[in-house]
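Notes follow once the structure below has been shown.
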């Protein structure tokens, strides 16, 4: 079976191939444009109008500049896990990729990276819309901290997508549930307004979600006022993300077994 | 009499297909996700956004607007799903070949979806009223109920247009998705229409919801039927225009298909 | 031929559990395989015949590591399909019939490149092998078109190309000709036969009798998860030895002359029916050819007309094997 080096190269090539296919499928899918281009701008529009309502604090508008992008980024990233799997099931390719000598997580790794790259695009049209339509900018942008926060957020999205995918592969209803709860995620992770406005119990739940802290850091890096505990927030996101990954490890083993017990990968 | 039985039959079959489309969830989780979780979280998101921007005293404004906008969910996507089912079960050619009244055939697609829309609004509104402890003591509840019924009818009218578009465009649901969110922006759901650019305001008043939501807000503040009658009449007229437009498109497509121009549509 | 079989099943069993109902969930157990034993030699083209829901697909999925058996052992190339799946997946290929299982919006070439990487075929090998496969499966020239523009036959050949990317030693084909037009199906059968002739072990499932008869070296018939017959196509046909027919017309034949026919070896029954001017004689027998050669002797002096005979077909055998008390008609997943 060759040396470990050869095996790693082969796995890396398989992951890259999955990444390439994920990008290609996205470039030609109208739904992908809806998710990274159209919906984020529509959400940004509502957000910017509401956040710039008469009487609203001027710092609020930051949430309109980045909120649409965050929503788009999240949708694309988690949809790669959910819709991606669902689509492969419909196409009948889920079973095909499952049967290859490449472990499912390697394939998903590539696909999710493709999703993240596309999701990041969502920040471009939303920020442009905010600037052109509302002359809204990020008033006190700390470039370095902003980029690190975005990187940490990306890590959390990556870990979540990797964890959710086996869940979706096993239980189709899990995808319906999360899909139904999508706007709830926007609320709990503070994509368009701070989590601090929520009821205490909701804030408690939000604290267990990895993106919440990175999003908080991201907004803090654009605002002069407020606490700036970046290191704590970043670590919270990283810690929670790694905890999800640990859970994912067991989920993948379970998928391998459960899928082969019931043969449900074949079902449309 | 025979004629009546025929119309009733067509009506019944179409209603059944809508029912199937409505309850096509393979499991109860799917129903909970899309008919309960999705509407409620959608209202919560926009209410929280509005409260953050403008203060807790405005919660009712956002709750009402977003709850009423949910009728568009039932109206637009419900009708599209019905058309998709007609296509899947191959019942459309049967309907078209029958001597049944075209208008009735066409309108019957929206019946269940109107009822579903009303139910969605009532459930959604009830949940947010409880969560935010909203005060409806001064509200003219009967008039508010009338507004809900009227808006459910008008958004279904818009849905009928998309049903017709859905016959020729496989990706009509994509456009419907966009329109759904556009309604959220320009129909005065989350901020007054007057803040929009002039041209967009004109479009807003050509769409369902805009007048109806205004009427509903007035009703919630205690207005009488006489005060909002004009708004509701306008709302109904707009809905009727869209339904009529959808019907004309439907007839156009039907003729086109008969002449062999549209193999795929029916 | 080595003594180690390429594919082996020992007492293979599989039960599916499905839940029914929305509110009151009810668990329903259905046995798909009930103790299957099979041995398939290297280089053999083996056909598994059976109606829908008999367990064909279940068997293929177990061998291709997609399903776990409830009990029993499934060995392919000496590897356990349950435990050694990673090693095994590299050495086998599989193709399921139908149009699904391809990325329709990608080109045929993109599909093959992707799966070559997933099958961990080294790039220097796949660069050479993909054009070869496209050429061999008559897809060359169309490889850059999107799969959705392909005909059904082309899609099926692309499926086969995908299944051959890792140059598998054993190839599993689950109803590969389903939905193909007769020409496309025949082309595919020719290719499959060539693959077996080139030394690959092929495990083919089908419910087309003539297909199995035409290309398989050996067959098994499965019914309700149980193998009910196994052997070469001709040996399976002999299971229905009394299904051959000889038929002829005579004019004015004394009935006692038929006794000679009845006494021939292998003759099961002789029936005579009166028509307006002639009598039609129908002989059910094991070997119609033997009866035909003796007809002249037994019925010496009688003028025979419209003599015809039909050998027992695999279909007769199949219908008899399957037709007895059919119970299970559910489609398998």
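First chain written, first letter: the chains are A, B and C, and each begins at residue 1.
Note that in this section a residue touches a chain if its C-beta (ideal position, glycine included) is under 8 Å from a C-beta of that chain, and two chains touch if they have at least 3 such contacts.
No experiment lies behind these values; they were computed from the predicted model shown.
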Report task. State the chain with the largest centre-to-centre distance from subunit C, centres being mean CA positions. Result -> B
Query - By mean Cα position, the chain sitting nearest the middle - result: A
Query raised in the report: How far is the middle of subunit A from the middle of subunit B, if each middle is the mean of its Cα atoms, in Å?
Result: 31
Query raised in the report: Where the CA atoms of subunit B average out and where those of subunit C average out, how many Å apart are those spots?
Result: 53
**Report entry** Distance from the mean Cα position of subunit C to that of subunit A, given in whole angstrom
**Finding:** 47
**Report entry** Residues within subunit C bordering two or more other chains
**Finding:** none
Query raised in the report: Considering subunit B alone, which of its residues make contact with at least two other chains?
Result: 27
**Report entry** Per-residue multi-chain contacts in subunit A, two or more chains
**Finding:** none
Report task. Report the residues of subunit C in contact with subunit A in the complex, numbered from low to high. Result -> 16-17, 58, 61, 64-68, 86-87, 89-90, 94, 96, 98, 100-106, 110, 113-115, 117-120, 122-123, 162, 166, 333
Query raised in the report: Tell me, which parts of subunit A touch subunit B in their complex?
Result: 30-31, 34, 38-39, 42-43, 45-47, 49-53, 55-56, 60, 63, 172-173, 176-177, 179-184, 186-187, 192-194, 197-198
Report summary line: So, in the complex, the side of subunit B touching subunit A is made of residues 25-27, 29-30, 32-34, 36-38, 41-42, 44-46, 48-55, 171, 174, 177-178, 181-182, 184-185, 190-191, 195
Requested in this report: Spell out the residues on subunit A that touch subunit C in their complex, using ranges where they run on.
Outcome: 1, 10-11, 13-14, 16-18, 20-21, 24-25, 28-29, 91-93, 95-102, 107, 257, 259-267
